[in-house]
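So, here come the structures, one by one.
Two complexes are shown next, each including chain A; its partner changes from chain B in the first to chain C in the second.
For the complex of A and B:
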C-alpha cells in the first residue's frame, strides 16, 4: 500500500536541510569570530533589526544561515523572544553618548564641532583586486589629531530649541515597567510614539530605504535636511536594587535627526537603532517626519510604513507562497468552471433558439 | 539550603518553547476571543523558530494549549504528511513531548492549514486554524485601523457589494476559499482559506475552533454551538464545491472534498483531500480493524 507509506515528507525535509547545511560546512568558534570581526557593519545591521545587541550571537546566526540575512534575523528574533526581560536600563541622552562621528548638514559648523569619525563617504570605491592575487591589503594607519575630540557632544536640537526654531516636546515621565515594548505588544494604530520609533529601529534596512527614498524623491511633502547624525557608543546604565546606578557596558548605536520646514518652525524626524547603520536611520528619520504630517502621502502613511518594513513578517510571508495552496486553488477552480459551464449552457440555448428562429423564417 | 534546590533545573527553553509570559498573554487573548465570537483580538505574537506565514499563529496557540498528555494532529491542505505539517508536528513533539497522531478521532488538538477534517469533531477536541489574513474587510479596506472601526459599527455592506458585483459580472458568486461568514450574528470573520465545503462544519459545532494569524497578530474564535453563517442573498443560496459526485481513485470513497490530479491525457483523477481519512478507508477495505468516525457530510451532502 504505497498510499499508506506517507511519512516520506519527513525524510525529504530532513535531507533537504542537510543539503543546505552541507554547503555551508562545519561551523566553529573561529568562523563566528571571523564574521564578527571582519563584517562588523553587517553584524550591526542584523543586531538592529533583531532588537538584540549581542555581536557573538549575531555572528553565529550569520554563520549558521550562510549569510542569508532574513534567516539570520529570524534565528535571533526567535532566540530573543524566549529571553526574560530582567531590567530596564536608565534613559540615554544625547550628551551621554560617547560619540565617534557626528555631522550636521544644516550648519557649516555646530557647537561641539563636526566630527567625521570612521566613514567611507569620501573614499573612492575601488576594489582592491590585488588581494585576490595574493597581495595583502593593509590600510594606511590613522594619524591621531593633535588634540583629541571630546568624548561627548552637546545636542544640536537643544540649541535650536533654545533659539525657538524647533518646538519643544517635554519628555513624558513613564515608570520603567510601563514603557511600551513592541516585542511584547501588538502594533496598534494610531501608533504610540514609542512603538513607532521601536518599529523603525528594528525595521528592515532595505525596506526602510525603499520607502524612505520614495518619500525623499517626491512621494511625500517633506524635504529632509540632516540636522544631526551620530555614530556612538551608548552607556548601558542599570539601577541596582539598592539604588546605585552602575554601568553594564556600552552598545554601538546610530541616530539621525532630520528637519523640515513646516509652517513657522522646523519639525524634527528622529530615528535610532542598535549598531552603526547610517542609511537606515536617515531613511527612518525621514519616514518618521513624513508620517507625522497631517494627511501624509499613502507611501508615507504610518500603518503602511510600519507593517511593510517588518522584516520577519514580510520575508516570511513572501516565501510562504512556496507552500502548497492546492485546496484554495481547487476552490477557485470550482467557481471558474461553474461560470464557464453557465456560459456554455447559455450559448447552447441561444444557438438553439436562433436555429429555431431561422427554421421558422425559412417556412413562411 | 542551596540555590540549586530553590530553582528548577536549567533547560534550553521552556516546556512548549514559549516562555510563561507569552503563554499567559495568549491564554488571555484566547479567552477574550471565545467571549466575543468572531472578534479579532490583537496579541503580541512572538517570533517562533519557523518563518512567519508558515503557521506561526497556529503554532503559538498549539504550544500554549499543549500539555504532556495531548494528542496532536497537524495537517496542511488536508494532508498529515505534507512537508510543513511534518515540520510543525516534529517541532511540537520536540518541545512538548506529546503523542502524534494522524487519526482525527484520536486527536485532542488539531492544527490545520486550509482544511477541516471530514470526521466530525467532538466537544473534547480543539481545532486550531492557521490564518494568513484575518481581515475579511481587507479587499474593501486595506487600512487595518479603518477596518477595525467598520467592525465596531458592524459596517459590512461592502462585503455584500463584492458578492453582488460577482453575481452581476459572472452570474455566480466567485468567492472561492476564505468565504466571509457572520459569527454569532455580530462579527464577520474570514474562516481562513478553508474551502466553502468546510465552512458549514463550523456552524453550531460541538468543538471549539481557534483561528490565529501570527504575522498579522490576531486571534479569533468560534466557540462550540455558535452560529457561523456564510454571507449570502436570500435568493442565491450558498454553494459548496461540486465534489459530491467525485470518487477517490485510491480508496473509491465518494462524497467528500477532493484534490484534483491533472493527467497527461487531459483528464483528471481525484483523491480524498483528508489524507488520513483516505488511509483509514483503504485499511478498512483491506480488512484491518479501523474505526471511522461520524462524518459531517453524508452522501455528498452536509448532514444536519
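For the complex of A and C:
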C-alpha cells in the first residue's frame, strides 16, 4: 500500500482541528467532574477498554474528545505509555471483593443469597422529559436495611466445585511478576488462558457484544445462562519497601461466569473487567466458553475473537481508510482503464473481423 | 473494609498494613493537614521518589483458577528518608494525588520513628471510624436490594 504525504495543508489541518475543538468548547475542571460524576458507567466502560483505571483521566479524555469513545480510548492508551510501571499488585481473590451486586440466573438459592444491587434490570425505562422543561429529576432515596449486607460474598463456583457439579482446577502457583502480560508480549495462538482473559478484559464492548450475541443466537454450540454476575470494588494491594502488603485504594470491577450444559456435565466461561460493565462481561464470558470448545464455530474462534475486539487496532484500521490512498487508488484506476481499453480494443478487432467476414460473404 | 494486615501493631491497635490502608482511604485534605502538623518537627526530609505510575492488577479466574492481568491502575507514590532519625517512609494511593501519597509517606516515617504517635493514632481512629461507617451505610443500602427468588 502506498500513500502520498500531506504537504502544504498545514493551515487547513490546523483550522480543521480548531473547528473540531471549537465545536466541543472550552473544557474546565467543572466539565470533567460533571462527566466523571454524572456518567460513571461510560467512564467505567472507557477505563475497561483502555485497561487503565483512573476516573479523572477517563472523564477528561471523554470531555476532550467530545464523547467519541475511540478517540478517548486512544488518548488514555497513549497517556498510559507515558507512565512507568511501579509494581504488580497482589492478585485479587473473590474473598477480597467488596460486593454490591451478586446474582445468579441458574441457581435461585445460592450461598450468601441474591443481591440485586444497583440495577435497572426490573425497572421501566422512561425518559424524564420533564427535565428538558426545567423540572429537576431527583431519584427517590434508597430505604436502607437495618443491618448491612456482608462486605464479601462467597464464590458460587467454589460451592459448585464442592458439590462436584463442575470440575475443580488446582490454582497454578505463579508469582504476580510472572503472569503472562499482553502489554509486553505478543498475542500468540493457541493463546494462553491468562492472555485470553486479559484480552477480553480490555476488549471493545461493542465488538465483544456483537460476537457474543452471534454465539448466543446460534453461531456456536454454547447456550449460556449467567451462573454468577458480580459488581464489586477490588483492593489494589501493593507492597511497602519493607514487605508489608497494604491497600492503596479500591477500584470498581465486574465479573461474570456463564454456564452451559455440554453432554453430561456443566461447563463455565469467565470474564472480568475494570468498571461496572455487565453486558461486556456476559458476552465475553460466553466467548470464553465458546472459544474453549474442541471445534468452535468460526465466529467464536479464539483468533477471530481476540484480533477483532481490540478496540484501538480495529478502530484505527477502520479510520485509516479515510486517509489519502491516492497512489493505491490511482493504480486501481489505471488497471481499470487498462482493462477497459483492452476490452474496447478487443471489441474493435472483433467488429472489424466480423465486418470483413460479412464483406467477403457478400462478394459473389 | 479495612485490609487486616499482618504482623504486630505498629501504632495503637493498627498493624502496618492496616495503617497504610486507612491512610490511603483517608480524606485527602484531612491527611495532608495531619501530615503537615507531624512534619513540622519531624526533621529534614529527603525525597527518594514522588511520582505517578502504574500498578498492574492481577485477578484470579474462578473457573480455572488462572491468574491474569485485569489492567493497570494509576497510582501516586512517595518514598522519603529522614536521615537524622534513621527512618524511611512510603505511601501509595490510587489516583494522581502526589500530595496524598507524600502525606502517607510522612506519617509512615513518623510511625517508624515513634514521632507524634498520639496525634497519628487519633487521626487513624477518626478515619477508621469514618471509613467503617461509610462502608456500613453503603452495605445497608445494598442489603435493601436482597431478593428471595421464590417470591420474586
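Rule of thumb we're sticking to: the second predicted complex is superposed on the first by the 354 of 364 C-alpha atoms of A that agree within 3 Å, B and C clash if a C-alpha of one lies under 4 Å from a C-alpha of the other, contacts with A are read in each partner's own complex, and residues count from 1 in each chain.
Convention: contacts are C-beta pairs under 8 Å (C-beta built on N, C-alpha and C of every residue); 3 or more make two chains touch, one makes a residue touch a chain.
All values reported here derive from a predicted model rather than from experimental measurement.
Of the two partner chains placed by superposition, only chain B is touched by A:10; chain C is not.
In the superposition on chain A, contact of A:74 is made with chain B only, not with chain C.
Once the two complexes are laid over each other on the shared chain, residue contacts for A:333 go to chain B alone; chain C is not touched. For chain A, the partner that touches more of its residues is C, with chain B and chain C as the two candidates.
Touch criterion met: A:84 reaches chain B and chain C at once.
In the superposition on chain A, A:126 makes contact with neither chain B nor chain C. Legend: residue contacts after superposition of the two complexes on their common chain; A:52 is shown touching chain C, with no touch to chain B.
By the document's definition of touching, of the two partners only chain B reaches A:187; chain C does not. Of the two partner chains, chain B is the only one that A:324 touches; chain C does not reach it.
Within chain A, the residues touched by chain B in the first complex and by chain C in the second are 80, 84, 183.
On the chain A side of its complex with chain B, the touching residues are 1, 3-4, 6-10, 12-13, 74-75, 77-78, 80-82, 84, 183-190, 301, 303, 307, 312-313, 315-320, 323-328, 330-339, 342-343. Across the interface of their complex, chain C is touched by residues 47-48, 50-54, 56-57, 80, 83-94, 98-101, 108-109, 113-119, 142-152, 155, 157-158, 166, 169-172, 174, 176, 179-183, 193-198, 201-202, 228, 234-238, 240-242, 244-251, 253, 255, 257, 268-270, 272-274 of chain A. Across the complex, chain B meets chain A through its residues 13-14, 17-19, 21-22, 25, 42-49, 51-54, 56, 76-87, 90, 113-115, 132, 143-145, 170-178, 193-197, 215, 217, 241-243, 250, 257-260, 273, 275, 278-279, 282-283, 286. Of all residues in chain C, those touching chain A in their complex are 1-3, 5-7, 16-18, 20-21, 24-25, 51-75, 77, 79, 88, 90, 92-96, 108, 135-150.
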